[in-house]
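Shown below is the structure under consideration.
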C-alpha cells in the first residue's frame, strides 16, 4: 500500500470557480451585488415604482435584524449535529415576548430586568428542547415541532389572546428606530438602531462564541462527528444542550426587539402566518449552514439575511399590487432550491463546502 | 476438465491514494471450498466486494462458468448466482428475518409477497443453521449479533447460489455455531456449489477448505491444496519475508507496573484479562478479529466500563466511566476506527489536535488561546513529521497516514501516563508506519506506559517489549521480544501450545 | 373458543397485524372519547362524530402519503402549499370551466402528483436533504397557488361536491364518503406496504439506503414514488377540503397542514428517522389530534389550548418510541 | 411585472402630478379587502386627480404589513392608509411615514395610539356590536343561548365588537346568554368545525355569530350540515356574495355589514382630501352614494354610516 500524490496544481480559473462554489460567502456577495446592481439599473430605467437607493436599503435592514438573529440561533442548533433544528424558535419569540410584555408593560419593571427576564425565559424554553434532544435523545425535528405547538398555544392563552401595548411598551420603539450614525452619519443613510443594539452585538457574540471559545470548538466537534467527540472527551450532551439554550436566549432578545419594533407584545409575534422559524432556517441554509451539522459561519448567515432582505425590498418596488408579496415567495423558494442543489453538487465535486 | 466456476485475472483497485488490490488472480472450481487468507488490509474484502458487484475494479477480467462476466452492479452478481455474506452484516433491523432474507427478490403470488412460500423456505434455512423456526417472523433488530450473522448466511443461501462467498463468517460465532455452519458448507459443496471462505482462524480452514489462496499487500501470492500446508506454513506465506527484520532492542526501565488489569471482564466480550504495563514499557495485545482484543482497550478508556475485575493505575484502583474520566486519570487512547472515532473531517489539523485538550489550550477554560493552540499544533506537526503546508488544512483532505499522525498528535498534547493505541497503523503507508513506531518508542523512552492493541503481527513484534495473545476473549499466551511471527500467529489462530 | 385455539396454533408467516403503538393509540383515542362522552354526552352523537370524521379525512389522507415519505427517511413540508395549488385549480375548473366532478378530481390528483414529482426528482436525483428541498418548494408552490387565485376567492363552488360527505348523498352507512374513501385508500396503501415487495422496500430504504441499493432495491424510484403518491393524495385531499368548506374557496386552504400531518404521522408511531411506521397508526394519530381539537372546543376551554395538548401528545409518542427501542437494544 | 412604471422621472414624483394614495389591507386575496380595492379604484376614476395603490401581505401579520408600508414610503406616495392587523404595531412605522411628510390614515380598523391624520370608520363599534346582537336575538326570538365564532385572536376590531355584544346582550336581553367565544383564524373550514363542536357541546344552543367574513359563512354551513336550519340561527359579518346561498336556504338569518366598496371609495376620497390639504367638514358630500359623511374632529374619524343589514332580498345588489 503505497500512497501517491495525484493532485496537480489547478489553474487560476478553476481555482476561482472552486472558491465561488465552495465558499458560500463569495457566492452570496456576488448575488448581493447582482441584486443591488440589477435593481438599481431597473430603477434608473424607470422600471421600479420608487428609487432603490442606499436610504431604502438601510431602512429595510430593520427586517433583517430579527431574521438574521433567529438564523444565528438556527446556526447554533443545526451546527450541533444529529439532525439539529429548531422549529419552535418563532413560538419562543411569541411566548417570551408576552412575558416581556407583562414585565415591562404591566408589572412596570424597568427595562433591564425585563429584558433579563425575557432572555431567561427564552433560555428556559430552549432548555426544554435541549433537554429532550440532547439528554434524552429525541429527534430534534419532531421535538421542536411539538414544543412549537405547545409554546405557541401558551403564548396565545397566557393573556387571553390580547397583545400588550401599554405606553411603556410603546416607548421602546426608540430601541429600533433609524438613527444617524455619529461622525460619519452625515454622509451615509440612517441605519435602524436595532442593527447596532441587537444584530451587531449578537453577531459579534455568536462569532466570538463559535470561533474563539472552547464552547465553539466543542460545538463544531460534536456537530462534525459526535462519536469522535465522545472519544476525545468532549461532553457531547452538555454541549448540544447549551446550543438549544443559547438559541432560546437569542429568541428572547428577538422578542424584545420585535416588541420594540412594533411597540406591542403580540402573542403571535413569531408565529403569525408561516412564522419566523421557517424563514430563519431558510436563511441559515442559504448562508451555508450544512443541515447535517458541523459546518456554518456567522458571516454566511448575515450575508444571506441581507440578500433576502434586499431582494424582498426590491421586489416590492418592482411588482405592484399583490403580485409584489407573491413574488417574494418565488424568490425565496428559488434561491433556496438553487443553493441547495449547488451545495449538493459541490459536495460531490469538491468534497464539501466550507 | 470443465471450466472453473470462477476465474479472476489481474484485478486491481485503488481508493484514491490507497491501493487496496494491486494484482489478484483467483480460480475457484465448482464443488470446492476455497479459502482466502491474508493479513488485515491485504485486500480480501475488496476482492470479494468486486465479485459481488458492490465495488467496480480498475482493471482485470472475470469469467464465470467459462463465460466472460461483467459485474457492474449487485444485481448482475446475483443474476450469475454469486451470493455474498459481507464482513459487516447488511440487514434491516425493522424487517423480519424472512423479509431480510428475500429482500430484493421476493417470492410472489400475484402482486403480493408469497409469505407462506417464503416462510417455508426460511424455516428450512433456519433449520439448516440450527435456529428456531419461530425466528422467521422476528424482527432482525431483536436478534443477537451472532443470530444476525446467521441470518446473513441464510440470506446468501436462499437464492440458488452457484458461488457462495463468506467473508469472516466465523469471527463472531461460537464453536457450536461454527460446527453447524461447516455442516451447511459441506452440504453445499457436495451439491456442486463453489465456496470462497475468508477467515483468520487458520486452524479451522483445515476442517473445511480444499484449497487456499494467500494474499499479501494487495496481491495474490498463489493457490495451494490445503492438505499440503500446515498452519505454520500458511502463516509464513501470509507474513512473507519481513519475517526476520531486525528488531530494535531497548531496555525497559525497572519499576512498579503503571497499568494493571486483573481478571478484567466485560459481559459478552472478554473475561479474565490480565495485563501489566510498566512506565516506559511497550506491551502489545495481539488477537484475531472476534477474539475480543479490540474491546479491552475501549473498556480501559471508559467507553464500556468493565463488569468484572479491576483496573489499577500506579497501584490505585480506578474505574473509568467515560473517555473524559479516563483522560483525567491520564489515560489516552488512539481509536481503532480513525474515520468514525478519531477524525473531525472538515475541521483543520489544529482543531483536530486541540479538541481533546480545550481546558489546557484556553484561558480560564473559556477563551481559546489561539497562539498556544497554533504553537502546540505546529510543534506536534514537526515532531510527528506530518506532511502538510499548514496547520489550517482540513484533516479530511489528508492521506491516511498523515491523518493518523494528527489523531495520534491529539493524544500527545499532554504526555499521558498510559497511552493505548488501537490498530495504530491500519491503512497507513510504510513510511508513515515507520515514523509512528518511532514516535511510540520515543514516548515510551520518556516514561509513558504504552499498550498497543493490534492485529498487525509484524508491527506488534517490532515495537513491543512483550506481547500478549488474546484468543476466545481472554489472554492465552505471552511472548517476549524474541518470538517469531509464525509462533505467535499459530497460537492466535488456534494452535494449541504444548 | 375453538376458533381462537385453532388460530393460535396456526403458524404466523408474517409480522403481527398491529403493533404496540397502534394498540396504545387505540386505547388512548377510546379513552378520550369516553371522557368526552362523559363530559358532554352529545360528543358520541352522529352529529358530532360526522364532522369530526369529515375533518379528519384530508389530514389522514395526506398522512397516508407522508407515512410512505417518512418511512423511507424523508419528509415533505410542502404539502400545505401543494394543497393550495391543487385546490384552486380544481375549484376554478369546476366553477369557471364547468367541468364534471370526475374530471376535476382527476386533474386535482394529476396536479398533486406532478408537484410531488418535482419534490421527488429534486430529492432523489439532486441528492439534497428532503427538508431543504421541500422548504423551498413550499414557497414556490405558495407562489403558484396565489398567482392562480389572482387575489380573488373562487365563489359558487357547486353542490355536486356534497357527494364527499354532505347530507344524505354524502354518506353511506352513515359515514361520510370522504372518510370512507380515505379509509379505502389507506387500506390499499396499508396492504401495499405490508404485502408487496415494493412496499417492504420503503422500510428497507428508511433503514439503510445503501444496503437497500446493494440488495437490488431501486432506491431512487421508490423515493420518487413516495413523493408522487403523497402529491396525488394531497390533490384528493384538496378536493375533500373544498367539499367540506363553504361555497367560497379562499387562500387559507392548506395553510399549516404540513405540521398537522407530520404530527399525526409521528403520533401514529412512524419513526422520523425512517424504517418504521404504519398507515393505521397515522390514521389513529390524525383521529387523536382532531379529537383533542374538537374536545377542547366542546369542553368550552380556550380553543388555543388544543395545540398545547397536541404538542404534549407528540412528545409522549416520541418518548414511548424511544423507550421501546431502548428496551429492544437492552434485550439483545 | 417588468412594465415601465416610472417613465424617466426622478424619484418621489409621480406621473401627471396626481396624488398617490396607497392602501395596505390586513391580508390580500380575501373578498372584503378586494372589494375595498374596487371601491378605491372607482374613486380614482371619479376624482381624477388621485392614483389608488393597493398592496397586501400574504399573511395577516403586522411585520409583513410594515414592510409594505416602508416600500410605499420609499415610493414617495402622498398618503398611506393602513388596515392594521395589530393597531399598536403600526404606530411606529406610521410615525416614520409622517416624518417623511406623508399623510397617514387608517381604515376599517383604527390604530388609535398612532399619529394617523384620519380614521375611516365603517360604522361605530357600538353600532356594529348592537346591530349584530339585535339581529341575532331577533332571529332567536329575544332569548336563548348563543356563541361567537371569531377569527384572529388578536384582531382589535373584532374584539372590540365582541365586548360591545357582551355588554349589550347583558343589558338589553337578560334572557339571553353568550356561552362561548372561540377563535378560528382566517380559516373557514376551522370555523365550520368549531361551530359544529359548539352545537354539540351546547345542545340548547340556538344562535351562532360568525364574527368575520370567513367565519360568517362557516357557521351557516355548520348549521346546514347538521340539519339544524330553523333550530339554530346564525348571523355574521359576511360579504353578500359569500352569504347569498346561506341567506337563500335560511341557514343564515342575516348578515351585518356595510357597503365595503363605498368604504374603499370613502377611503380614497379622504386620502385625496388630505393630500390636497383640504379640511374635512362636519358633514361631507363625498359622492352621490355618500351624500352626508360625518367627520368627528375630536377623534379624527370619518364615519361611513350605519351598518347594513344584508338579507336574501338585498344580497344581489352587491358584486363582492
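Worth a mention:
By letter and in written order, the chains are A, B, C and D; residue numbering begins at 1 in each of them.
FYI, contacts are C-beta pairs under 8 Å (C-beta built on N, C-alpha and C of every residue); 3 or more make two chains touch, one makes a residue touch a chain.
From a predicted model like this one, the values you see are computed outputs, not experimental measurements.
Fewest steps needed to get from chain B to chain D, stepping only to touching chains, is 2. The greatest centre-to-centre gap from chain D, using C-alpha centroids, is found for B.
Computed from the mean C-alpha positions, the centre of chain A lies at a distance of 31 Å from the centre of chain C.
For the pair chain C and chain D, the distance between mean C-alpha positions equals 36 Å.
In terms of their C-alpha centroids, the spacing between chain A and chain B amounts to 45 Å. Those residues of chain C in touch with two or more other chains are numbered 142, 146, 151, 304.
Counting partner chains per residue, chain D has residues 28-29, 56, 58, 153, 183 touching two or more of them.
Looking at chain A, residues 156, 161, 321-322, 326-327, 329 sit in touch with two or more other chains. Chain pairs recorded as touching, per the definition above, are A-B, A-C, A-D, B-C, C-D.
By the touch rule above, chain A contacts chain D in their complex via residues 42-43, 45-51, 53, 55-56, 59-60, 62-63, 66, 156, 161-163, 165, 169-170, 173, 176-178, 258, 261-264, 266-268, 272-274, 312-313, 316-329. Residue ranges of chain C in contact with chain B, taken from their complex: 11-16, 191, 195-197, 200-201, 203-204, 206-208, 211-217, 275-276, 328, 331-332. Interface of chain A with chain B (complex): residues 1-6, 212-218, 220-221, 224-225, 227-235, 294-295, 351-352, 354.
Those residues of chain C that touch chain A in the complex are listed here as 75, 122, 126-129, 131-133, 135-143, 146-147, 151, 259, 262-263, 266, 272-273, 302, 304-308, 310-312, 314-315, 318-319, 322. Chain B makes touch with chain C in their complex at residues 54, 74-75, 78, 90-96, 98-99, 103-106, 108, 111-113, 115-116, 118-119, 136-137, 139, 141-145.
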